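Each chain carries a letter (A, B, C and D) given by its place in the written order, and its residues are counted from 1.
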């Protein structure tokens, strides 16, 4: 299977695209054929992502290259200069780590949505858009080219908004779709403008090439500001988060989790740009503290806004916003000290990056559970729920697992990553750790509210309390991920998180050298 | 409002429709030699469809432009594009297998200024066709969906 | 292999879980000391509601979502009034936030390079 | 300021007008127009980047020898960006149609049921 390993990066994009275009044709054959096909595509994609991750982490997270459309990536000029002109996928530990997250979330999301669309029409186009979104997210994470990054960013924007507004008979989903698409497009234009500025200055679009020649001039700083704002918006950092509760809350339940993965991919783009593209040509302390400021705002505002929501999906959506803050905090602490490179900076990076994976699993689980709860009660209003635990024991247990993990209660996985973040942030400034810990406690209070309002109380009549197997299996799978990552964090930190953190923290030279051949 | 526009518009549309189609297909076909390509040509063809729709109304195009057929063709165009990408997977995705092979679209191209060799370009002209098919049917489907939806609202 | 260390602190979930189970077991042992001779169906097993009578309709006892943390939200009402006023729902305002943050980022990057 | 900078000025103006429309107009369709203006401005900026004075189209057919060519890459970028802009605009307008159907209005300040 040498060929498959070699082509894994492009297959990760080509296979979901193939699925996206073929699903409407196969959907004409009937629901069973469509579900089989989509499930097969999702499984193959996840398997290829696992293979890619195994390859990359097998070589310790060293970057590897895939060139589209030719043997070599360059075009040797008569002068002997080898210019990287072809489209390049460059995969290092961080990219492979993100690919793992995306595979986990999209696989469970695809399987969850089979049951979700069982009694409704329109599932075919929904799956087509889901596959398109998957391809776009993988593209953002694997590409080594600035403009390609923009194209995949826009593909995810369009597919994501198509999914948010998919249920056209719901009034709020249309409003959310319009708002999110408008803001996504604006942020995308910022990114494109920045790409244009960088191209005009250096005449290249390849990230490694740009990183090797970038100087930190005024125009670079302008481009950096545009990229920072645009990607922070798509990641959902406060005060640019207003679209996030609309998007996560109004999308169909299986999609909300994938939308979080999409936000994380934008976050990955931001980190890639800060660490690899700009590196030390800019004042990393300034940018690190900007990230930390955004992180504190995001954590605090996200949690406090979640506390007062009475719509269960909007509540989970706000807690998803607050978790983005922990990733920003961890990596921001790392960036702020990345000149001196003390030990706690690396620990902070590990925590922030590990939390991406943990958050994807927990928040996916919580969104799925909220989807099941909404299905059972027929309402999204927490004030009209109650007594679900009488008839839905397993769902309540899964909810407790997800909520405890997200709030950072030991021994679940959220605690493992938050532990690293708290410790390292405390080293930089105790204030950061205090805010982070207090917000985690508040988050636990938020979920206690949900548990009390929806699951406890006396038994209510008229519930559709049976949970179909197709919904239960993805939830149990995510819960298993939560527990396993919680009980054996050391193994995963060593094997996959450390290479990913290394790739950002130390890997800039290796990233550049791979394309420019050591010179 | 389903009957379309005035006689003048309909007559002019009948005259221009064929020309627009021919020009669009020309732009797709010569995409590897002249400015243009799959997207541009497809957009031109789709604009001809749009003209038809505006002039004759959504009732007038019944039987001529079937939305399901358009969507199917769109998927086929996209799949053909991907298939052309997979064609070169022996070397790399999107590798241009046919160029300079002497076969289909495989004529070698002389270095330097020349009049352009139509049978050159390898998989590129085929990709232009795939993209053109996707774009022309896709945009036409979008226009029909939006127009039919808007008309439905007017009549309600 | 299952623990993580940050260089200044350490976390071992398996040890923690064993400890947790041990504490639970201890609690259970203490529970076994309890008297088994209580009388069912009398005041000894009645729900204690701060001395009030248990209402007939037990759904009235359920504390609904918005009633939880009422006091806390009330105490922070100044903060919540302001923060909710920022989430207007109007797209123009969201756009203004983007432009504002962009301008702020530019100012910071220009001042502190 | 030379005449060669004029396209950049126009691009900047287009972006500013688009953002103005996005921030101050109340009609959803006008917001979409504002977004399209921003896209157009950025596209114009990209094309202008690739322009070389007295350059010819970057195509070999009948090209005179040793002539300056306009850079082809920005044109490819612009084309891609236009395609994306088309999809974006179509999606936004579809949402606007459905919003009008549900809310009976296109006023931004009345379409705000999702808040807080």
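Please note the rule applied: contacts are C-beta pairs under 8 Å (C-beta built on N, C-alpha and C of every residue); 3 or more make two chains touch, one makes a residue touch a chain.
Because the structure is predicted, anything quoted here is derived from the model rather than measured.
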Completion exercise
When C-D and A-D are ranked by contacting C-beta pairs, first comes A-D
Problem - Separation of chain C from chain D, taking each centre as the mean of its C-alpha atoms, in whole Å - result: 46
Exercise for the section: Starting from the mean Cα coordinates of chain A and chain D, work out the distance between those two points in Å. Expected result: 28
Handout entry: Centre-to-centre distance between chain D and chain B (centres being mean Cα positions), rounded to whole Å
Key = 23
Completion exercise
Taking each chain's mean CA coordinate, chain B and chain C are separated, in whole Å, by 57
Exercise for the section: Please set out, as single numbers or ranges, the residues of chain A touching at least two other chains. Expected result: 178-179, 182, 186, 305, 308
Handout entry: Contacts with two or more other chains, residues of chain C listed in rising order
Key = 84, 87, 91, 95
Handout entry: Interchain contacts (touch definition) - all pairs
Key = A-B, A-C, A-D, B-D, C-D
Handout entry: Complex contact set, residues of chain B against chain D
Key = 33-35, 39-40, 112-116, 139, 142, 145-146, 149-150, 153
Fill in the blank from the handout: Per the touch rule, the chain C residues reaching chain D in their complex are 84, 87-92, 95-96, 99
Handout entry: Residues of chain D touching chain A in the complex
Key = 15, 22, 28, 31-32, 35, 38-39, 42, 45-46, 49, 73-74, 77, 80-81, 84, 87-88, 91-92, 95-96, 98-99, 102-103, 111-114, 116
Exercise for the section: Name, in rising order, each residue of chain A that touches chain D in their complex. Expected result: 147, 151, 154, 157-158, 161-162, 165, 168, 171-172, 174-179, 181-182, 185-186, 188-189, 192-193, 195-196, 199-200, 205, 245-246, 249-250, 305, 308-309
Exercise for the section: Under the touch definition given earlier, write down the residues of chain B that touch chain A in their complex. Expected result: 71-72, 75-76, 78-79, 82, 85-86, 88-89, 91-96
